[in-house]
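Both complexes shown next keep subunit A, but they swap its partner, so subunit B is in the first and subunit C is in the second.
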Partner chain A sequence: MFEPNPPVDLSSGKYLKLWQGPQHPGITGNMSLELTTCGDEVVDCKTHVGYLHRGFEKLMERRTFIQNFPIVCRIAVPEPTFNEYLYAAVVEELAGIQSPERAEWIRTLNLELMRLASYLMWLGGIGAAFGQSTVYQWTVTHRDYILDLFEEMTGARVYHMYIVPGGVRGRLPEGFEGRCHEVLNRVEKLLRDVEKVLFNNVVFKARTKGLGHIPREMVDPYGITGPNQRAAGFARDLRKDAPYLVYDQLEFDLITATESDTYARAWVRYQEMHQGIRMLRQCLDRMPKDGPFQARMPNVLHWQVPAGETYAKAECTRGEYGYYLVTDGSEYVRRVHVRGPSYTHAIALMEKLAVGTNIADIAGLMVSLHTYPPEIER
Partner chain B sequence: MSLKDLISPFYVWQRAFEKPYTQKRPIEDRPGAPRYRGFHMNSEDCIGCGTCETICQNHAIDMVPVEGLEQRSGDSGLRPRFDYGRCCWCALCVDICTTRSLRMSNHYAWITEDPDAFHFTAGTDAMPWNQNSLGYRRDDDYHLLVHERIDMQALGAEESVAGFDEVMKGYTEEQAVLEADRCVECGICVATCPAHMAIPDYIRAVRQRDYEAGLRLLYETNPFSSTCGRICTHRCETVCVMGYQGDPIAIRWLKRAIVDRVPAERYREILGDEVVENGRKVGVIGAGPGGMSAAYYLRRQGYAVTVYESQARAGGMLRYGVPSYRLPDDQLDKDLEYIRSLGVEVKFNTHIGRDVPFRQLIEDYDALFLAVGLNQPSALRIQGEEHPRVLSGLQVLDDVASGRDPGVGSKVAVIGGGNVAMDAARVSRRLGADVTVLYRRRIEDMPADPEEIHESQAEGCKLVQQAIPVEIKNAASTSQVTIVWGEAEMIADDKGGRPRPVLQEDRMHEETYDCIIAAIGQGGQLDFIPAEYRDRIEFKWNKFVPGEYQQTGLPKLFVGGDIANSRADAISAIEDGHHAARGIHRFLTGTLDG
Partner chain C sequence: MANPIELLQRFGKNFAISEIHEQKADLTFFKVPKEQAVRLLRELRDDAGYTHLAFLTNIDWIEKGIFTLTYMLHNYDARHSLGMHVDLERDNAEMQSIHGLWAQAATYQRELREMYGIRFPGSPRLDEDFCLEGWDQIPPMRKEFDTAAFSLERFYSREGRGTEDPREHMKGLLYPTHTDEPSSGGQ
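Then we have the complex of A and B:
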C-alpha cells in the first residue's frame, strides 16, 4: 500500500503512455494523469499538477485584509463559500472580532446551500462519467436554482463574496426563506428520481461497485477526509467533531458506509444531500430574523491585525478545508496557507487507486474522489 | 443483478414530459436579482474622494479629471474611471464609497462594438445602464468605515463656567489613535485648508504614534499648531468625506494630539534650530499669527527678522481676542517661544506711526510684511450707542486677557453672532453675569463656530435670534443701560442671496442691562501709512487687496491676515504669512528655492 508502484519496462512494447488531461475533462478539472496502460488496463499512474497555479497565497501577502476577501473565493470555483468563511474565521480570530449570531446563522445557511449546489454538480459528474448524462442535465439545472438563490442573497451566482470578515455583507432578501424552501422541495424530489435512475441502475452498479477501493488502513496515512473516509467506515465529520458556526445547534446524521468503493462514496454523498436539506430547513426556520449581521469593524483601509498565527478548519464537500494564517501586526498578511482536501485525494491517493482499473473508469474514479485541482494549486 | 435495477433506470422517461428548464433568451427575459452586482453607476453626489480607488484590489479604478464638472468646495473634480479588463465585480468600491454615490446596476451582459468602451468613467459617461434603478448597493447596517467620532473629554458646563480653565481636555493617546484610524486619507481636506496642511499625513503620524514626524509635518505649513489644534475654524472638517454618512474626522483635535505629546523643550531638537544668515533683513508689523508665521518662515530661510508689536505681548488676536478657556496662554506661548527662539526679534509696545514712522521701516528693511489685523470695533449705528455702559466685545476680551476686570455687571446683553460675540458672552458668564445674546438673523446663520454656539448655550447663555437693536436708552444712568430691540422676519432674497432680516415695527421689546456688549464685527486702522504710499496700494473697504504672493503695489510691502483677506481667521493669516514669506524670498532672490 505504501510502496511505489512496481516499475514497468516501457521498451518492452507492451505498454502505452496515455495522458488524461490537462485539458479540462469535466468536473475533475485541469490536472493530468500520466497513465501507463497495458491493453486497456492501467498499470501505473503519475499525477501532474501546475497548470492552474495562480499564486493566491502569494497574492494575498500583497493585499490588505479586506482586499483579500474578494480573491479567496477564486481558490475553489464550485465551493467559493468555504474559502470565504475560513478566511473570515482566521482573520476574525486573530483580530479578536466575534461575528454576530445572525451572521453565524446566515453563514451556515450559505455554506450548506453551497454544499448542496456542489454535490448536485458532483452528482451530475459521477452520472456523466458512467454514461448517465441525463442525470447531469437534471442536477446542473437544479444547481442553477440554488445559484439563483445565491444571486439574490449575495449579488452573484458563483463568486459570492458575501461572507466578509466581521459578518456577512447584507441581510437576507425579503421572502427569501419561502423561495429557498421551494427550491429545497424541488431538489428533494429530484433526488428521489436520481436514486431510481442512478443508484438503482444495473450499469452504474456494475461499473462502480468495487472500483477504487480505499482500504481502511490507508485513510489516515494518506490524509483522506470527508465523504471518502466516511465511505470507508470512519464516522468523522468536523461539523460534529469540532462544531463551528451553529452546527452544534442543528440536527443531522453522520452518514457512513463500509464498502469504500466508488458506489459507496456516491451513496454517502447522496445521503448527505438529504441531511443538508434537513439542516437548511432548520436554518431557515430557526435563524434570527433581525439583529446585527456585522461586527463593529475598524476602518478596513488600514486595518492592522495583531501578530499571531492560527488555523481554522471546516468540513467542506470534499473533506477538511483549512486556512492557516500568520500575521505580523501589519496591514498585510504575513503568510497564508490553504489546505484543500484535493491535495491529498488527487495526488498520492489517485496514483494508488488508478492501478488495476481500466481506462474508461479513470474519469469516474477521479470524480468519485471529488477532487478539485484549483485548490491543490492555490 | 436484480430485476429492479434493470427496470428502474427507465424511470428517466417520466421527466421527458416535464416542461423544459431552459429559458429562451432573448425571447424570454430574465432580469438580474435586485441585489445583483452588475455594472458600476455613480451619482452626482460623488465628490471624487478616491476611496474606491484606494480599496480596489485589482487597480481597476483610476481617478481622472472630468471636463465640465461644476466646481465646488470639497470636490476633487476627479471621478472614478473603471477598467473592466481588471474589475472583478467585488463591489468593495460600492461598500466603501463615502458619499454612497457609487452603486451597481443589475445588468448581466453588455455588448458593444467599441473596443475601448470597457474603460469608462462611471456617472459621467453615457452607459446603457445609467437609468437602472436596481442592483447592488451597500446595506444600511453594513460598514467598512467607522462613522462615529471619538468624543473628547471636556469640562461639564457647570465646571467650565466656574473659571477660565481649558474646556476641552484633549485626546488620550488611545482616543487619538482610534480617531485617526477613521481617516480614509483622501486628502479632500488639504485643498480646503487655507494653509494646505498635510492633513492625511499627520493623521497617519498620529495613527502610528510618531509624534516627531507629525510635528515636522505640521511645521511645514503651520508654526501655530498648538494654537490651531485648539481654535482653528477647521474648514477641513466641513468638507471631510466622513461627514457625509457620519461625523467628520476631528482633524483639529488630532493636530492638538500631536502637539500635546511633544514638550516645548524638544521642539528645537526635532524641528532644528539652525539658521544660516543670508544677510538680508525683513520687518514685520504685527506679532499676530500672520506676522509671526511670516517671521518663522523668513527666519528659517536666513533672514534677520524684526517684528513690531503695539501690545505688550505677542499673539495678536489669539492672545487678546481668544479667551484662555479655549486657548490657554501657555499653549500660545509654546508656539511663539519656539519661533522667537530661532532669533526672531520682537519689539513690544511699539506703535508704527507713533513710535516708529512707517517711512523709516520701508526704507530700512529689504522687505516689509504687514499684518496688523482688525482691532477697531464696528459701531452699532443706532441712537444712543455712546452710552458708557455699551462696551465693545474686543475690549471686554482684551481686558480679561490682560488680567483687568471689564466690569460687565450681573446682567449682560451681547449683540452679534460671531466668535467674538460668543466669546464675550461666555467670558461674561464666567464673570458671573446672566447673559443674553441678541442676533439679527437665525441661529443657523450665525458666523460663529457651531461648537462655540453649542457650548455657549450649554453654559447658560440665552440666544435670542431675529432680534434687531433699535435704540439705546437710559442715557442718564452710568450703571445701567436700556436697549430697545425689535423682532425680525426673515425675507427670502430674490437674487438668491441669504435671507434678509426685516424689522417688525409692531413687535418691539425693551430691556435694561448692566451693560451691553457690542460685537458685530471689527475693522482695520491703517492711518499710519502715509498718503503717498497709500495711493500706490489697492484697497477695498479699508482692506488690502494683495496681489501675487501677498505683494502690494508698493513692491517692498507684503500684507496678510485679517486686514488682507475676507476669511479673517487664524489659519488664513498663518497661510498669508507663509505665502508672503515665500513671496518675499522670491522678490529678494528671484527664486522660490532655498
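Then we have the complex of A and C:
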C-alpha cells in the first residue's frame, strides 16, 4: 500500500537536495533520483524517468505486426531477447501459430544465454558500486565472449532480432555447441574467482549486509518479483510455476534466501548464474539437431491477426516481464502494453528503501534492485 | 481454490460481472462496472488470493467513445491470472484510485493521466510530469493524437528530402532510375 514519506521542511536549513543521475550511476541506466539529505542520510527520494522515452507503445500501434518486430528488442537494452520472445509469443497465440520444437529449444538457449550475459553485467555493476572495479572488468570481458556467440548465432551482438513470430531466423552455426561449452567453462571459472574476491570480501559484506532490507510483507503490496522477491524467501519463478518454451524439460533449482538485503539479492543472482549454466548445458546436449525452425506463416506483408487479447509473461533477470496484446482483426496492433519489473522496483520500492540510507550506499542499493529505465518509459 | 469461472460466478452474486472469457488455462478476462471495480479488486485480493497486481493499463476504443482499463491480477497459489476490464467514458474519463491497495498503482495512474488524460482523484503526485516534460499537446497515447502530423509541425525535415513519406523516400533510394550511362563510381 502506498504510504508517503514524512514531509520535510526545506526552509529549515537542515536539508540539502541532491540529484543522483540521470547519467549512469553504476549500471542502472538513465534515470535520476531526487534525494533530500540530512547530513549524509537520505530522508526523501523521488525517482524521475523520461530520459529514454521513445514512445514504443504508440509507435507499435502505427506499424504492422511484422514491422513491430525490429523495434521491440530496443525496449530493454541489456536484455533485448525477452522482448522478442514475448512479442512473438503473444502474436503467435492470437494468430494460432505453433512454433516447431527445435525453435523452442533454440529460443530457450538464446534466452538463457541472454540471462547469463545480463547477470554478468549486473555482477560487475554491484562490484563497482562497492569499490570492486576489478570484478567489473572481468565480468564485462566474459559478457563479451557471450556476445561473440550471439554474433555467430544471430549476426548481431546486442539487438539480435532473431526470435521471430513462428520460430527463429536460422539454425545454429556449425560447431556452435563446442564453442558455447567452452565459453560456459570460462564463465564458470570466473564465477569461482568472483566468489572469492567479492562474496568473501569483508568490505563488500560489511556494506551490503543489512542494506536495503525488503520485509516479506512488502513483496505483494509493492508488486515485487524476480530475485528481489526470492531473496525475501518466496519460492516463485515463472520458469517453474508457469513453464514456457522447454523449461518443463530442464532440471534446475529454485534459489531463495531469507535475509532480503543487498547481499542476499546478490547471492541469489550469483547462484542463479550457476543454474543458468546448468540449463544451457542441458539445452546444448539435448536439443534436436535437425527439423524445421520456422512454422508456416501467412504473408506477413498483409497479415491480419484475429481480434482478441492475451498476456504472456516470462522470468527475466529482474522478474516478471510481460506483453499484453489487444488486436481488433486489422493489420495493426490495437494496443500493446509492456510490463517491465523495473516499473515498481525503481519507483515505488526505491523511493521507500532509500529513506534512512547513507548517500554513499544509494548507487549500490539501486544496482541491487536491478533496474532498467527503458522498460519503465517504453 | 475454486475454478476461476466458478469463482467469478460466486462473486457474480454481489457484482455485475459480464463478458467472462477464458483466454487460456491460466488467464481469464471479465468486465465489471466502474462503480463496483475497486470493491471487487479489494475482495479478490483479500478473499480470493489475487494478491499481485501485474499491471494496470488502458485501451482506447475511439470509435465506441470508451476507454477500457485493464487490471491484471495474479494468484500465486492457484497460478492463475485475472484480467479485469472497466469501461470509462472517453470524454470525461475518471476512475477511483487504487493506490491504497497496491503501492505501484500510483505510478500506473500517474502514467495513465499523462498518456490518456484519465483522472484518478486522490492518487499521489498524479499531476506531476511522468515521462513527458513540458508537454503542451493532447495526451499522446489517445488515438486522435497523430504522431506524423506532430513531427511535421514540431521538427524540421532532413535536408535534401523531397518527401515526408518514408515509403516514397526509400523507393527512390532502393530502385534508382536505370540509365545506360556508365557509373561514375562511388558517390
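Just so we're on the same page, the second predicted complex is superposed on the first by the 376 of 378 C-alpha atoms of A that agree within 3 Å, B and C clash if a C-alpha of one lies under 4 Å from a C-alpha of the other, contacts with A are read in each partner's own complex, and residues count from 1 in each chain.
We take it that contacts are C-beta pairs under 8 Å (C-beta built on N, C-alpha and C of every residue); 3 or more make two chains touch, one makes a residue touch a chain.
This structure is a prediction, so every number in the text was calculated from the model and none was measured.
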Self-check item: Joint occupancy of subunit A by subunit B and subunit C, clash or fit
Solution: clash
Exercise. Kindly classify A:66 by the partners it touches after superposition: subunit B alone (first), subunit C alone (second), both, or neither?
Key: first
Exercise. Return first, second, both or neither, reflecting whether A:348 touches subunit B, subunit C, both chains, or no partner chain.
Key: second
Exercise. Quick one: classify A:298 as touching subunit B (first), subunit C (second), both or neither.
Key: first
Practice problem: For A:152, select first, second, both or neither according to whether it touches subunit B, subunit C, the two together, or no partner. | Solution: first
Exercise. Scan A:96 for contacts with subunit B and subunit C and give back first, second, both or neither.
Key: neither
Practice problem: Scan A:170 for contacts with subunit B and subunit C and give back first, second, both or neither. | Solution: first
Exercise. Please work out whether A:58 is in contact with subunit B alone, subunit C alone, both, or neither, and reply first, second, both or neither.
Key: second
Quiz item: subunit C clashes with which stretch of subunit B: 24-32, 60-68, 168-176 or 564-572?
Solution: 60-68
Self-check item: Complex contact set, residues of subunit C against subunit A
Solution: 23-24, 26-27, 29, 51-55, 57-60, 70, 72, 76, 79, 81, 83, 99-108, 124, 129-133, 140-141, 143, 145, 147
Exercise. Enumerate the contact residues on subunit B facing subunit A in the complex.
Key: 1-2, 4-6, 8-9, 11-12, 14-15, 21, 32-37, 51, 54-55, 57, 88-92, 95-96, 104, 136, 139, 141-146, 181-185, 207
Exercise. Spell out the part of subunit A that touches subunit B in their complex, as residue ranges.
Key: 63-64, 66-71, 132, 134, 138, 141, 144, 148, 151-156, 159, 161, 167, 169-171, 173, 193, 196-198, 200-203, 205-206, 292-294, 297-302
Quiz item: Along subunit A, where are the residues that touch subunit C in the complex?
Solution: 1-4, 49-50, 53, 55, 57-59, 61-62, 93, 220-223, 225, 234, 236, 241-242, 308-311, 313, 320, 322, 324, 326, 334-335, 337, 339, 343-344, 347-349, 352, 377
